Each structure stands twice: as C-alpha cells, then as structure tokens.
Amino acid sequence: MNRDTVFAAELPWPAYQSRVQGGDVPVLIPLGSMEQHGHHMPMHVDVLLPTEFARRAAAETGALVAPPFTYGYKSHQKSGGGNFFPGTTSLDGASLVSALKDVVKEFARHGVRHLCIVNGHFENSWFITEAIDLALRELSWGGIDNVKVIVLSYWDFVDQASIERLYPDGFLGWDIEHGGVLETSLMLRLHPDLVSLQDAVEHAPATFPPYDVYPPKPEWTPASGTLSSPKDATAEKGDILLEVCTRGIVEALKTEFDPGGALAAAQ
Amino acid sequence: MNRDTVFAAELPWPAYQSRVQGGDVPVLIPLGSMEQHGHHMPMHVDVLLPTEFARRAAAETGALVAPPFTYGYKSHQKSGGGNFFPGTTSLDGASLVSALKDVVKEFARHGVRHLCIVNGHFENSWFITEAIDLALRELSWGGIDNVKVIVLSYWDFVDQASIERLYPDGFLGWDIEHGGVLETSLMLRLHPDLVSLQDAVEHAPATFPPYDVYPPKPEWTPASGTLSSPKDATAEKGDILLEVCTRGIVEALKTEFDPGGALAAAQ
Amino acid sequence: MNRDTVFAAELPWPAYQSRVQGGDVPVLIPLGSMEQHGHHMPMHVDVLLPTEFARRAAAETGALVAPPFTYGYKSHQKSGGGNFFPGTTSLDGASLVSALKDVVKEFARHGVRHLCIVNGHFENSWFITEAIDLALRELSWGGIDNVKVIVLSYWDFVDQASIERLYPDGFLGWDIEHGGVLETSLMLRLHPDLVSLQDAVEHAPATFPPYDVYPPKPEWTPASGTLSSPKDATAEKGDILLEVCTRGIVEALKTEFDPGGALAAAQ
Amino acid sequence: MNRDTVFAAELPWPAYQSRVQGGDVPVLIPLGSMEQHGHHMPMHVDVLLPTEFARRAAAETGALVAPPFTYGYKSHQKSGGGNFFPGTTSLDGASLVSALKDVVKEFARHGVRHLCIVNGHFENSWFITEAIDLALRELSWGGIDNVKVIVLSYWDFVDQASIERLYPDGFLGWDIEHGGVLETSLMLRLHPDLVSLQDAVEHAPATFPPYDVYPPKPEWTPASGTLSSPKDATAEKGDILLEVCTRGIVEALKTEFDPGGALAAAQ
Amino acid sequence: MNRDTVFAAELPWPAYQSRVQGGDVPVLIPLGSMEQHGHHMPMHVDVLLPTEFARRAAAETGALVAPPFTYGYKSHQKSGGGNFFPGTTSLDGASLVSALKDVVKEFARHGVRHLCIVNGHFENSWFITEAIDLALRELSWGGIDNVKVIVLSYWDFVDQASIERLYPDGFLGWDIEHGGVLETSLMLRLHPDLVSLQDAVEHAPATFPPYDVYPPKPEWTPASGTLSSPKDATAEKGDILLEVCTRGIVEALKTEFDPGGALAAAQ
Amino acid sequence: MNRDTVFAAELPWPAYQSRVQGGDVPVLIPLGSMEQHGHHMPMHVDVLLPTEFARRAAAETGALVAPPFTYGYKSHQKSGGGNFFPGTTSLDGASLVSALKDVVKEFARHGVRHLCIVNGHFENSWFITEAIDLALRELSWGGIDNVKVIVLSYWDFVDQASIERLYPDGFLGWDIEHGGVLETSLMLRLHPDLVSLQDAVEHAPATFPPYDVYPPKPEWTPASGTLSSPKDATAEKGDILLEVCTRGIVEALKTEFDPGGALAAAQ
C-alpha cells in the first residue's frame, strides 16, 4: 500500500486525515465527461487528461487528487460537436452543480481549505462556477469562511510561445480543438494504446456562424465528430503540452495557496 | 395604440394572436442583467442594448420583441468585474434557467415556432443553453417538436473589419470589453443622457491569470469596475456597432427562420 | 446623467452605493406580468402600473426603484381570465419564487435593509410571500437578521371613499377588475397612447361559481379576456387612483421604515 | 370490514379498484394544516373540517375520500395569525406543491378522472393551484389528458342568506374568521369535546393595514391567536354551515362531474 | 377538551407550548403510506400502526405525537408488492424528503429538541435518513445544533424470542411480511373491524431473485398483493407485538433522551 | 486501440454505436462511493469492486461497462460507519438521483434498452431505485417505453453455501461487512497492493440498537471505521466471491435480457 500516492481515494482514512488536517494540503478535483472525440480516440479523453495533469501537479506540490467526475455537462456543438452523438453521455446542469457542490462541501468538512477544480471538458465551465459559488455560500452558512478554490481548464495554460510550436500553420482557437491536435497529442504521449490515428478523419477546421441554433443542426458538425483535424498531432507535441500546462497549474497552486513558499519547501 | 409596434407586450392579445398564429413570426427575447458598468454608465446597460438590437432586428424582419429579462446570472470577475460589487444584482443559475425555460414554453404554447434569445450579458450564456435544452425537451414531451431557437450575443456579430475600425490600437478580446469601448459607444449613440464619460476611469486593460479563484479577489478587478478604459468610446463607433450587429442578427433570423425568403418579402 | 433618478439601474454603481449604504434607503421592486388585458389594453399593464406607483412613492420618500419583474405567475381564471389566452406568458411558481428570492438577497448584500415589493399582478401574491420567507431565512443563515420587507398590491390602498367615487353604480370586488375600470383608468391617465377604449368589449361582470376547475373552462371567461367592462374608465378616475394609492404606499413606507420621521425629513 | 365506507384508505385494494375503475367516481382530497386556532381549539381544525365536508359530500355522491394532508402551507398573519406561533407546523410551498402533485398523479394512474381538493386552510390555496397545474401538465406528458379537478375551500359556499343568519351583527370577511365563529361553530357541532369555549379570548376583530410586513410583527395579531372572537359560536350555527357548505360542494361535484345526472342517480 | 392527550394537534397552542418549552418532551412523528395490503386489509395500515405505537410510547414517556404522514414513498416490489397496484398512492422521494425536513425544522422552531420518527412503511426508510440529515444541516445553519432525532421502524424491536412465538414454523424475514402475520395480527387486535381475514389469499411466501428489475414485473408479486400468507395471524400475536415493540420504543426514548431518568420519573 | 474492450468509454463513438445499436447489448453502470474502509483499505473500494464485477460480467455476456460513479450517497452508521469520518466524501440524495437519472436517459437516447446498475455501496440503494423510476418516467414522456433496468448489489449473489465457506464461524449479516471479510478478501485478490492487512484493527463485530440516532453517535462505530474484523480475509475467499457473484450477475443478465439465449450464443 503506497501511502505516498497522490490519489486521495487510494489512502486509508487515517493516512488521508493526517495529510489534510491543518487545511494546507490542496485537493485537486478532475472534472471530465463521457463524450465522443472522433473516430480515433475514446470517449473518456476528458477524464484521462485532467486526471493526469492533476496527478503531475499534485506530485510537485504535495497536493492530493480526488476521484474524477466521470460525466460532465452536455456537449456543445461549437466546442464538442453537439450532444446528439451516440456515446456522448451527459448531465443536466443542475445535476453537475449539485454533485460538485456536495463534494466541495465534503472536502471542506474534512478540513481541506485549498481546492482546485482541474477541468478537462469545456462545457463544464459555467456549471463549475455555479457549484463553487453555491458551495462557498453554504459553507459560509455553516460557519466556514476560509475555503479558497481555484478553477482551471488545463489548456488555458498553453502560452503563446507553445502555441507557435504546436500550430506552426496557425492556431484557430481552443473551441475547435475538440478531438484535434491538443487532445490527440496528449493522448499519444500518455495513452498511445487508446489512440488510432489512422482512423482519424482529415477535414477542414469546423466553422460556425456567430450564433447557436437549437436543436443543433448536425450538418454543422464534421461527420467525424472532431472539430479540427488531428492529423498533425504527435507525442512530442504532447510533451510540450504536458510541460507547459503542468508548470502553469503548479504555479497557480503555489501562487494562490502558498504565498510564502511553504508548500514548495515541503516537497 | 400602435398595433405596428414590434414590442409584443404593447399589443392587445387579439393583435398579438393574429401576428403569431401560423408560427412564422419570430419572437426575440432580450436577456440582460443589473450589473455595475463602471463609474460612467448605469447598471441596466445589458438590458438596454439587447433590447435595442432586438427592436431593430424585429423592425427589419417583422418579428416581435418580448419583454426583457431585467436580471441575469452572476457577474464573473473576468467578464463583468465580479459579483461582489454593490449594485450588481444577480440570479442563481437555476433561477435563470427556470424562468427562461418557462417563458420559451409559453411562447410555444401561443403557437410561436421561431424564437431568438438576444443576449446582452455574457454570463447568461451557458444558462441560456441549459434553459433552451430543457424547454425543448419538455415541449417535446408535450408533443411539440418543431420549435427552433437561435441564441446569440450581439457582440459576436462584430466582424474583423469593424474591429479594426473600432480598435485601431489593437483589440484585446470581448471579455474585457465590460464597460469599455463597445458598450460605451453604443450607449453614447443610444442613450447619451445615461453616460457620463467624464466620470470614466482610465486604466490599463485588466489582465488575469489563466485561472479563476473563488471567492473572487477584488484586487484583480480595476477599482472602477470596468475591465478596459472606455475613453476611446464615441457615438460614431456606436453607429458602426449598431449597423454591423443589427445586420448580423437580421441575417441570422433570415437564414434560420426564412430559408425561402418569405419573411423578407413580407416586409 | 441624472444622479437624482429614482431608478436604481439608471445609476452608476458608486452613486448607487452612496445612496444605499447605511441601509435606510428603501428599494422598491415592481412585480408584474405579461398577461392579456382585453382588446383595449396591452399586455404589460401589470408592469407599467406598479413601476409608476413605485416611481411616485420613491420620489416622495427618497427610495429607489429596482428593475421590474416583467413576467409573473400564471393568470388565474377568476382574476386574470386564465392562463390559456395567447399572449399571456407566465412563470411557474418555483421560478418566480427563486428569482425574487435571489434579488432580495442581492439587495441585502448591498446593504439595503428596507425593501418593498410593489405588486401589480394579483396572482403573484402567494409566491411573493414564499420568496420573501425563503430570502429572509437564507439571509438569517448568512448572519443578516435585520432586513424588513413590505409587500403590497397597489389596489389594496383604494379606500371606501374612493371606491364610491370610482364605482358609483356599485363595486364588485378587485378580482374582476382585470382589464376593467381600475386598470384602464390608470392607463388612460398614464399611457393613453397604449389604450384603445373603442376596442373594449362591453359585457356584464364575470361571475364564477365558488370553486375552481382545472383545466380551466374557457367558457367561464368573457371572450374579450376582461372580467368587467372598462367602458366607465376615465383618466380622471386614474387621477383618483394615482393619488390614493401613492399616498397609501408612501404612508406604508414611512410607517414601517421611518418611525421617527427621518425619511420624510430628508425629502 | 365496511366496504361501503367513503374513505378510500379503509378499503382493500380490490374493492377500491372496483370503485374507481371507469374513472367516474370522484376522489376528494382534504387538505389541512397543523396550525394554532386560539386558546379554545386544537391545532388540527383545518384537517377535521374539510375531512368531514368531504365525507358528507362523498356520502351523497358516491365519491371516495382520500387520506387528508395533515400539514399545510405556512400560516399567514392576516388569515392565520402568522407562522411564528408555537405549535403551528408548516410546509414550504415547494413541499406542498410536490406532494400534492404526486398524489394527484397517483390517483390518475389508478384510473380516477374526477378529483376534488377540499381545502380547509386558506394559505394552501395558491400552492394547490400550482400543484394541480403541474400534475395536469405531467399527466398530459404521459398521455392522460382527461383528468378534471375541482378545487374548493368549504367556506366559499356560505351564501349571503347564511351569512346574515350567522353574523347578525355584521360580517367582516373570511380572512379574520381564523378561530372565530365559523370554525368554532363547526367544531362545536362536530367535535364538542375538542372545544373549550370558556378558554376563548374575547377581543375586537383583528385589523391590519393594507400591506404585509416580513418578518411578521407579532403585535399585529391578537395575543390569543384568533383573529376574531369565537364567543358567538354555537353548535346551531355549525348546523347551518354544515348544511350550506355540504350542499354547495355536492352541487359542484354534480355540476362538474355529472352533467347528465348519472352520479346522482347511482345513489 | 382533554389537555392530557398525547396528540399534539389535539391541544390548543398554549397547552402545547407549555408542554414543549424546555425542549425535553419528545415529539414522535408517525410516517405511513397509502398502500395496498392485500385483499383482507385496508390501505392505511402503515398509518394506523405507527400512530398506535407512537401513542402507546408517548403515553408511557410523556411524549407528544405529531400528526402522521398519510402518504409515503413508492411501494417496492420486494417489500410492498410494487407501486403498480391500484390504490397504492405514493410520493416521489424528493417530496417526502422535503415535507419531513420542513416538519422537523418547525418542531425545532417550537423548542422541541427530542424527535422520534416512528416509521410504519419500510420504503420510507432512506428518505427519512435524508430528510433528517438535511433538516439538521439547515437547523445548524440557523444556529440550532442540539436537536436529536431517533429514527425507528416498529418491527425492528421484535426480538428473537418473540419471533419464535410468532412464527413457530420459521421466520422468513421482515421484507415479505407485507400484509402477512405481523401487520395482520396487529390490525386484528387494534382494528378488527378493518380486517376481513376470510378474504385473505393463502399463498406461498413470495420469493425474489437477488436483484430488482424496473419496470417491476407484476408476475413476481403474488396476485393478492401480500408477500406472505396472513392466515396464521391472530389478535394474540398482535398482543405480543404490541408489547415487545412498545417496550422497545419506550426504552429507546428513555435511553437516548433521558439518560438520567428524569423523563421516566416524571410519569 | 482495443475495440474489444468492455469499457464503453474506451471506444471511439462509431465503434460504440455499432455495438449498442439495436438495443440488445446491455450497458452496466458501476456505482460506488468515496468512503473510509478502515485502516487497511483505501477509500475507493466501492468503486473498484463493482467495476470489476461489471467487467467480468460484461466479458461473459458481450455487455459494455459505463464509467463508474465515483461518489455515492452518505455513509450510514450501521452499514458504513457513518458519514462523519474524514475522507468519506458523499453526495446528497438528490444529487445522486439526478445524475444517475441523466445518465440512464442518455444511454437510452443512444439506443440502449438493457441497463444494469452494479452497485458497490449499500447506501446508494434507494436512491438508485428513485433515479431509475424517474428516468423511466421521463423516457416514457419522451415516447421510449421499452427500457429495462436491472439493479443489483454484488454481495446479494453470495449464496448460502458460499457463506458457509466464507464465514465458518458464523455470518452476522451484510450490513456489518463494511471493511470486513467480504470486501477485504476481494481486494486481496484483485488489488493486493492496495491492502495492508497488518494495519487492520481487530475488534468484535459492531452491534447497534434497533434504531438510528441523528446526529450519529461516533461511539457506536468501532474507532477503526470497520464494522467487523477483516482479519479472516484471504485472497482465496476473494476467489470464492468473485466466482459466485460474477456467476449470479451473468445469470441475471441472461435471464432478464436474453430469454431466448441469443446473448449467450453470441459469446
């Protein structure tokens, strides 16, 4: 039994308790989805990737990683292809808000005061915001006013220099990266056995009008389900992404949770 | 009594009924907020602007404009300064979702089959998505499967050419336009009596780290509440914006609701 | 920019903040509906009228008026004709309760301690009661125990002497005043351009059995949608109503929020 | 075992099934509360009275009576003294709406198509309306469109002639009848052992301003909890009330559920 | 008027208040259902029995009995035959949780600090757990941290010795006691007029696979609705059950609410 | 990329679609928790075990396994030690119900008609029941009436013969197996690296009174968090359990989903 694991749920409770008491050790909660990611990748990409970023950031900072949320909010046409695809299995907004609110409150009950939501599924974003707001409100009603929560999506840490290395032919925005170079490169590095690049469908980047239509119009989404071609993905690009995003997440944790450097020193 | 008004609630019901029966006439629903917009603008900017865009688009297409939502989702620090400002008066996500869901279903009950949400407050976006999804689901349970809804935020129709005219020194993204050139120019054109540009606070554009923190850190938001300086706003820029956004909204309505051109011909 | 406006949302936040800090300045929240009001009046009567009463009462007492609720609870057959009319666009009870609860809590967060709900739509009544009860409960959980809320419907201030002047042939109760002399007279005084009295349908006052039936029976409601004839409405009666109701509301505000007279003296 | 009982829950299911199949037999659901009714009456008056009216009406029409709702919506100051009294034990609006909605849908599942809510607690009224509306909506989603529901409060059947006999010195409205002549007379006739008239507190009828205040002001309610004096209550007045209200309820059932007279003939 | 009654709702509020102030007097809340119980018993068995146990326990301990919950959670196939039977009239889980939560909080508002849920319907169990958890959470938000709640189902107090007397031929578990010897014997002792043993259907005990199926399969439930034969029920067995369960409940109340014996001494 | 995987989320959507279309292939959803399991085991035992049973059963029947629910309902004192332990991280009932309801409906949208909930956490049981009931209701509203769901907890398939082999000194019930021989033996076989049997605390089986108390009394739970000693756990007993439970689950799937044997024949 590895009591040095970063995964909170791999610990027996006394070991967990000794880690979190005092409140300084952050708990990172990966949030994903079950969502189609084209012909060449599995449907739990959005769980695997934030869990790995959380694992790496936790290893560097002494944090713990909570069990991931394996289902997320409904896939949006412009960032995930649309929720009409078979396989995509999503929650209503209220369900996600309630479950995440509960979990945040439970970690606070254990004494955790530093939480970080590591999001891997764009559509979760605003419901995370709402869940955190409601959780902090209820914690405050219960007399707990000192919980601090970081919310991040790992891709937001990719800086301009990395973008130029990753997309030498030009970058078209994170929205249409669904199933594209970003996620595929990371999967090629981390889970090559779960990628079948030869099955990827090459197509021009998806373009959308500046508005949404409901019910979504399937003809707006490339038939493959990806929003840009993953053909230029490589494991080496995955390394770039792993490095820059992990570094950014670690810095965020240190900046917000460890102004005086104690967290880093403890490593 | 002006029976040619585009405002649905200014009509007596028989006139309204004769307009909407058949289902072809779109109903546009403005969604706003009560939110601080700096020292130089009032707090109902996000109501006034989408209502005016809806009015103009309706006048050009024969659509009707529903009463606006006068309150919206909580102001986010990176796009609205944060919900901690006095004056900002917001709804929980569930409240907004429920109310908008109800209203959409009611218009469908009247026979309306073409709806357009004209959003003026960025933070409403995902809750609109959820409200529409739930409304269409429940309408479907009730046997109504042919309602089509456009969701748009007016600024998304500003094209690259207009951006270059509006921001000759460079454009930094819609997020930090809160209380900046975009909204102030529109208000200067439409409601100059509600703007006091001399009270605007000049400051560098707000910058944020690539993550959020909750509770929000007030020191991240410029003390004025605006996220970029409105000093370069002019009524002339307001004209550009009115023109390009109205045109875009009208095109969206015609494209989605009127493939054969009947709507346009009726004008 | 008129910083003396009574409309809170017309103020920039610093001006709003300076008005409400200390908690003594009341905030009045008009609650309306989008509801058919017969052949001769528009569907936002229940928004326009309480907003005007709130405006007048605020002007006399130094209070502020919040943005109105533009949608309300479902029209009841005996007081609004029934929710089956086209045009009537209503909220479920839970939606109204949630939204009003949120708004009340937000004003309390700003420091407001005196709130007044100015209702213009009878059917909102009990859901207002519930919203206020829940808001005060949650505020209390958050440590705020000194918020006081007045709830009123403007017509409840019409005294017996005024009734005799308004209804010289006898008064049949507020319930069937839907679209009748009360509302039409006020609209004739305040918004004559929105009234078309020649289109009003003359009919005997609606009578109902002492019970309700669901689904409602359309044949119980006069086909016009009004519950009594508006033919005797006049702008002069509107003056009577404006005077007596405004006076009553002002007295309520002074009595409940200003026992020592400071509010009045500040005018 | 009395298979002729009107109380549905006293029947074994096969007997119940044979009664309700076909859908013509109405089911009457009494709705009450646990609410203080002064010093001289117990707190389940609002359960006992509608249950008895339902029993009598069922006996005359062949209907069945469902188990009563023993808790109701919060007591309102102007009609029940206010919810701050010890003993008054109330539900939130949402709880009452949900429970009643469920029960109505269950009876419809059994085949019942004629339902009547027999209300004994004024404050339940609007939440009954909402519950019925939501139940009919969901039943319709499930393909059941022919359920008809009567909603009534027994006192609404007291006609002018009876009022004159009951209140020879003048009648001041049902609102302040809380714990007064109406309820006390009925209890004296039906449950004299539960009334202690000598403990009743004589006081002038409660008067209230034309608005509500929250939190309620206990000094507005007579200290006894009653809103008018019950001293003039008599068992004979109870007889008048039983007669006129039962007759009215029976007529309502026959009118709405039995246009051709079959129900009556079956008795 | 019997001021010594154990039924809280039979008291006027001043008498109730004098009983509960101080917080030591327990309030027992019976929870039942409207559920088929075979051909030989009525559908409110689960209300009658816990109410009687509560009455007896209250009489012995000076406690009070609140009005019963007359509807409960949906009948489960393996413990109640399944919710598909006509007559069974059930609540959604959320409705039961909300209503019970409200009632618990109201008693706490009165000053009650010792509550006991006396359950008569197995399926209510987990929703009781949730209701109590939520009620205590909200009470804690409101500053009340000293409410203690016992939750019990009366049959859990039948000890091994009694089981051997009641089931000389072997006991097969409480689950299949639905409508069997346990409930029928109690009803024969307490309400013989509501039992028609000759109509009971003799059948082998129901057996089920170790899993559930939804929608339930009616063929799994004996056609009578009972899960074991009630033929061996007797009033004498009812006496055994009344004695052992009442004794157990009384002991629970004394143990948990009265460690020093004051409650007992007061009798 | 292993397109023969039983894990649905490891498939790209086209492969998933080809597996589920037609509706015959069952989808198994493991439901777990994050809950303390004593000093010797980690906190995701209730996720690992049902996922493994689902995997084995799917491998034998051609079914698919959905991503597990990683959080579950609150730990109950008598079956999980109580929710007050640090580390135990639980959902409110409503959150679990909503999320599971959503997921079931999504699989049905894909065309799946055979679902099986494989539960690993006792406290989830009734909320699973409610979630399935609500999901089937809403699916029915949407016109889908042919979804069939099996709900099972793996330990319910341990037969008497196995119990005698597993517990030669006597079996005390599944309730107190929390962290005991059952779960520990399975973990020793499946994840020996996650078990530290030398850290297990030996103690007498927990005993509880026949009622619950809230807030729970920590002194009722053995300090270790286990409810019975795991000292007699062995990997060999894990083999017995794996065999008997997997066999039972497979039989359940075949019996309910494959009456004619097609599923089996396809293997």
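Order of writing sets the labels: A, B, C, D, E and F. Residues in every chain begin at 1.
Simple rule for what comes next: a residue touches a chain if its C-beta (ideal position, glycine included) is under 8 Å from a C-beta of that chain, and two chains touch if they have at least 3 such contacts.
This structure is a prediction, so every number in the text was calculated from the model and none was measured.
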{"item": "Interchain contact steps from chain A to chain D (minimum; 1 if touching)", "value": "2"}
{"item": "Shared chain contacts [chain C and chain E, defined touch]", "value": "A, D"}
{"item": "Chain A onto chain E, rotation angle from CA fit, given as a multiple of 5 degrees", "value": "120"}
{"item": "Chain whose average C-alpha position is farthest from chain F's own", "value": "C"}
{"item": "Averaged-CA centre spacing for the pair chain F and chain E, given as whole angstrom", "value": "29"}
{"item": "Between chain A and chain C, centroid-to-centroid distance (C-alpha), Å", "value": "47"}
{"item": "Centre-to-centre distance between chain F and chain C (centres being mean Cα positions), rounded to whole Å", "value": "55"}
{"item": "Multi-chain contact residues (two or more partners), chain B", "value": "92, 94, 141"}
{"item": "Chain contact topology (line, ring, star, complete or other)", "value": "other"}
{"item": "Those chain pairs that satisfy the touch definition", "value": "A-B, A-C, A-E, A-F, B-C, B-D, B-F, C-D, C-E, D-E, D-F, E-F"}
{"item": "Residue ranges of chain A touching chain B (in the complex, touch as defined)", "value": "73-74, 76, 83, 92-94, 97, 123, 125-127, 129-130, 132-134, 136, 148-152, 156-157, 209-215, 248, 252, 255-256"}
{"item": "Chain B - residues contacting chain F, complex", "value": "137, 140-141"}
{"item": "Chain B - residues contacting chain C, complex", "value": "1-2, 8-14, 16-17, 20-21, 34, 36-44, 47, 66-71, 85-92, 94-96, 98-99, 101-103, 106-107, 109-111, 193-196, 199, 225"}
{"item": "Parts of chain F lying in touch with chain B, wherever the complex brings them together", "value": "138, 141-142"}
